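Attaching a single structure in structure tokens format; questions to follow.
A, B, C, D and E are the chain letters, set down in written order, and residue numbers restart from 1 in every chain.
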């Protein structure tokens, strides 16, 4: 009980402190002379955010860049050896290709399915909308260990003749075929796709929630206007709704893209990269926590950061376009 | 709509009552086609089957789970008799889930709320304030999305060590503030950009300071995005293992994830059956949160604000 | 191209205490230009939206031609609408906004371009075709909303105050253009406006609504000359008709000491408390000697072409505001003066004070 | 409580080809009611928004009182504004919308309630105080927008077409109320309107804009009686002034065969191509015999109180549209007739056809 | 302070361990009791994934006082970073270590210095069989590898499937195969060769490794030797592999696995409850009868990370022969001390298993745990999996492992 109260008190104090912080910052800005107040205020507003980012991500990221030029225990300098080692290793090249495959498939499917659920459920009666969204959301609530168990029960393989406890093989054997070792089937990257299915299963809820919020924000007026203009529901969706939530679609796409670039838990839990399913995130994790090769891990992160440059470039353009309407 | 109603015209006998139909027209989108319903139904089915599997398995003794698929339960009533709550009992007692639950809450609530507040302020500045370096700073946020947070563990832990923070709740809160910040800013700023600008202008005219505009206008109008992000951050913190393990460690302050992992899972993946039960127990709260947040996804929050 | 019929169509907004439109009965002839007027919030937009299929009809029916459309989705009704709040597509350029409906109708490219160009020309939007609505002035946005409707050739036009944000010159111009377009296309039109001039000049008939209920549907002149009840009398005409309470006895009405001349019909039918109405322009100035209603002048409004004298007539406990229109070229009077006015029997409208019904001819 | 001064204030929207307002110079006296009129898109809203601090001033300065506010944030300018697009707070009830500014100013609870109640009463919004903007009609929304401004006692009011969506009766009423409020509070006011009547009746002075440039700033009557140039002449007055091209020679102007009577000043100053302007109500009907401008009647518009005859005057290659106001009680003419009209020298405005400048007195 | 972790400069001795939960509970009880007697506060915590945690905390200068780590490779990393305290005589008295099973001390030595001290032992060179069916069929435990081959053939002739084998284990898939390799390499090459191989003085691509592979191929991968055949191995989870062994007609007869497998987590409940009647076990036979008889083992090694009086005292508790007295009766605990009171073991089966180790020439630590992470928890696992599932030729796999060895 005391513990509960203690926890409660810390929670209240913590949250309170955050609010007070802004109050103080705001007051601080307000005592400044007019001109300075307005010049400084934006910076004060973003200050805590950037302090947190600088401390928790930027500083470590810079350190990481440094480490990427050092040896596995971050002691001696090794130049660009970490990079050349990585990039010249066949395994890593495969890993890159796999990751690329993930980047190609997952964000796209996530957006499409998430949008489909968001928009289709939106048209059901509120009761069904709620129910269906909750179902789609369910997997998000499951931790990755749990998800591993869940999908274990789907992809599990037992030798022929034994009772299958994996759903897919149960179906396959019920149809009279031999059970298939799903996660071993690297032809056409089948196993990679199966892992992607898992990630999609776990992640569509995320896209759905964000897109759903966006769809609800589309001015009803414009939808009505389109109806009057004789557009079918499909046309309304593609010509009126989608363009207006484009920002959110891009947001979801980029977030998914980036999270796929560093995806690791799905792969780690299910295959740990065997049978040609390795991805960069998993490789990074293993380099850091299994091989204790800080240098290699750091250079992977640096490569990842470099890979976001095109994404940033797109964002810049997106902003420009957004602003040109203003 | 049907051909029979078309001919009613001059007859006038059709009572309006019989024709009365409730449809969400005007407000929402058009009534769902059957296609829409079927697609949703199929997706829901596919999505929930694995969960049902997990759910049923969590009541089964390990040996049963290892020898027959959970779906066989539907046609082998005998197996029902063997289902029990043992896994749950064990999970709850062994993992000390009661305390862990409280710990998880104490970690998750501030770790959800604080980053939202901080990010919302930053997003506000990015959306509604002009200042040099705005775009550059924002893009930095985007690029930080890709940085895996593990790289921060060592340096942060070093600093925490110096300030005796390790093992305290604020240590994890702050870590989550840092790690969740870029996503939060990104989502919130992209949402705030869609708010009607002239409403903000109107508040400026009414003499509201940025602080007041933020709390009284922008936050209430951003409720869907805030709810969306709150759900994610909540989930991410709730299900997080590594950050909690590193910054709090096992022990009396450990959250559920750490407790479940360390107290239930044996070597080489033993304890799977407890994981199913533990997994279900930990799912309950996120689902409740989701259901509670769902009502904030409202249509037309900004309807009626402006014309044009 | 089609008649429009409302049969006891009712709209009750969810959560509201009473229906916005309790049940409207209205027939609009094929090709007719029907103007809907009424005080703000009386249910004009709601009526239009029911017709367009944007509001659920809770009871009753709506027909377009012979077809019942009560529960038909908007796109199957073939109606073009100008929204009171414009409802422009924010992500499309002006040209695309206007072309959208045509695209939906699969109108060929060339024709589409041409029709958009024509509409843009008519509305003076040619320069702005590539802009997004965000970068337009209020009036320009309204014109785009207008343009979106007029590029089409629908079964019916619904226009909800399409000209309210335009300047007088533009408005006169557009008004004429719309009227011409409507006549050329012969499209049945329902047009909401607050502008008396628009109502009077554009409508084949005008429907006056109050609190969701139709008060009178008639030609503009009839509405002006023979308002069916007190509400219409007070609503139509600007500045509004002078309405003075009086007591009728023996075929004569007395407002204070002033005996109002009334026509024969009224004289027969009235009794007890009545309200007499006289339009500002129907007053004739007299002198104290000649007799008439004494009006103490409070404000004089000069509009260039003509002016209005506002005053109070403080007669036996029924102090009423009186407005008198005076032909301009000024200086007849100044505030504080007392002037005397009178009128002719055929210019006097008599209403029952309780029911509000018209008693005079 | 404060004068307002624009000193070459310029606004150039980013990405636009030319400035929306190239540089406006305007002084508004303390407590003055200044009406801003001009065609749609001429820069009225932009000017207001510069004053309120919502648009950056790219060049020049703006003063309120003695204080330069050019780069001051809106909240420090103490201005109340009615937005053309309302800009209501969508998540607040009507009452909260109106009370917001007062809350920000920390007005005590009781006073706040009272002021909101007063404003609501004035605007007929009492029933709707608890509603969200979403559930209001267009006119009601506009009234809320209005209410939000008038609960305050700011240094200046900026009102951007605050009454455009109200019905005539409500508009007259509100117009009077605003005028009274403004006089009572003595608050300097800048008021944009498209309504000629509003412009004429409310403004102490009226500023006419075109393409971002001030054309004339004067009292309403002066504007009507002595428009400074062709643009103002054509813009002020509805229906607009008849403008006919003519040729001046020897102190006389000929429009076709009709010799227009002009005043002495004009007679002296004019030469070459000129435009003469005559307001519709300044025509006097004559007969063919008496002489005058022949007008072939095309349309007759009856407005109840009076009517307008539209026609063309087909004189020697300069066919001009002519509008004649006729005192109503109709049937003078029908379409197709030819009528003859003439006027007096002091009713004739003469402008230089090239520069548009006024030549007559 | 809210925290349970951290806090290296207070008096509490923090111990992080990753042993099996039941073993952990027993050890913890004992440690806490002993420490209390000495007036020392201890905080003993189990973490499932100690590798990630321990190095992070060490690098951040925030280590626990003592870490109990199952992988010498991790200790090596700590030693490399100079963060481990050598367990000199004055910390752990030599006489406490006299009865350690041969080889277990060496497992904790790096560069000739003692850094890790084994406190709990696993025995891996074990082959389990279904006792009842086995007795009925009249099979006998083999004495040599050759015998084992013969037994295999015998079972096959009798219509059975000889071997239970599955190497799927989620992120760690492949490790059961590496245990096989290690056992075979130490048998074909002897303890010295084994150690050279583990430290990569002898490459994977060498004869002794190939010989082991060849034996494995014949014994296990031949047609009909495992249920489902070669293809099935990589996808059968190691703990599901023996499920059918207990059937009335065993689905497979022989299961080589470490002692930890005797647990309700892995074997059917009724089998474990009647272990002595149901489960038979024999030590994985030596190459020649009476020849060198090493045993593959593993264990949890206590490492001292913070040197202070209290932590030294606790180290001493950990070194004591009686450390396991609470753990042994209730878990699969096996003490590395040969002097441990074997009557405390819960079953005959456990005593048998312990004896396999106690009577061996030497216990050799699991090689994959000694190799660098890239190999031991990386390519060794994955390449073996690729080879066994037939996706890759043996030579190619071996070469790849060699290539992955960090410089």
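Convention: a contact is a pair of C-beta atoms (placed from the backbone, for glycine too) under 8 Å apart; a residue touches a chain by one contact, two chains touch by 3 or more.
Just so we're on the same page, UniProt names per chain: A, B = Carbohydrate ABC transporter permease; C, D = ABC transporter ATP-binding protein.
What you see is a predicted model; the values in this text were computed from it and never measured.
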Practice item. Figure out the least number of contact steps between chain D and chain E, where 1 means they touch directly. Key: 2
Check your understanding: With chain centres set to the mean of the C-alpha atoms, which chain is at the far end from chain D?
Key -> E
Review point. Where the centre means the average of the CA atoms, what chain is farthest from chain C?
Key: E
Study note, to complete from the structure: Comparing A-B with B-C, the busier interface by C-beta pairs is A-B
Point to revise | Distance between the centres, which are taken as Cα means, of chain E and chain A, whole angstrom | key: 37
Practice item. Indicate the whole-number Å distance between the mean C-alpha point of chain B and the mean C-alpha point of chain E. Key: 41
Review point. Using mean CA coordinates as chain centres, what's the chain A-chain C distance in Å?
Key: 57
Practice item. Calculate how many whole Å lie between the centre of chain C and the centre of chain D, each centre taken as the average of the chain's C-alpha atoms. Key: 22
Revision key, fill the gap. Multi-chain contacts in chain B, i.e. residues touching at least two other chains, fall at 26, 30, 66-67, 154-156, 169, 209, 252, 261, 265, 300-303, 306-308
Check your understanding: Hey, what residues on chain D touch two or more of the other chains?
Key -> 15, 73, 85, 135-136, 138
Point to revise | In chain A, residues with contacts to at least two other chains | key: 10, 219, 221, 224, 227, 289, 326
Study note, to complete from the structure: Per the touch rule above, chain E residues touching chain B in the complex are 1-8, 16, 19-22, 43, 45-49, 52-53, 56-57, 59-62, 169-170, 172, 237-240, 243, 260, 263-266, 268-269
Check your understanding: Which residues, counting only chain C, touch chain A once they are in their complex?
Key -> 52-54, 73-75, 78-81, 83, 85-92, 100-101, 104-105, 132, 134-135, 148, 152
Practice item. Please give the residue numbers of chain C that touch chain B in the complex, ascending. Key: 7-8, 49, 53-56, 58-61, 63, 66-68, 70-73, 84-86, 88, 133, 136, 138, 141
Check your understanding: What residues of chain E sit close enough to touch chain A in their complex?
Key -> 2, 51-52, 55, 74, 77, 80-81, 168, 170-174, 226-229, 231-232, 234-237, 240, 243-244, 251, 372-374, 377-378, 381-382, 385-386, 389, 391, 404, 406
Point to revise | Contacting residues of chain B [partner chain A, same complex] | key: 24, 26-33, 36-37, 39-41, 43-44, 47-51, 53-54, 57, 65-71, 99, 102-103, 105-106, 109-110, 113-115, 117-119, 121-122, 124-126, 129-131, 134-135, 137, 139-152, 154-156, 169-170, 173-175, 177-179, 181-183, 185-187, 190-191, 193-194, 209-211, 224-225, 227-228, 231-232, 235, 239, 241, 252, 257, 260-261, 265, 272, 275-276, 278-280, 282-283, 286-287, 290-291, 294, 297-303
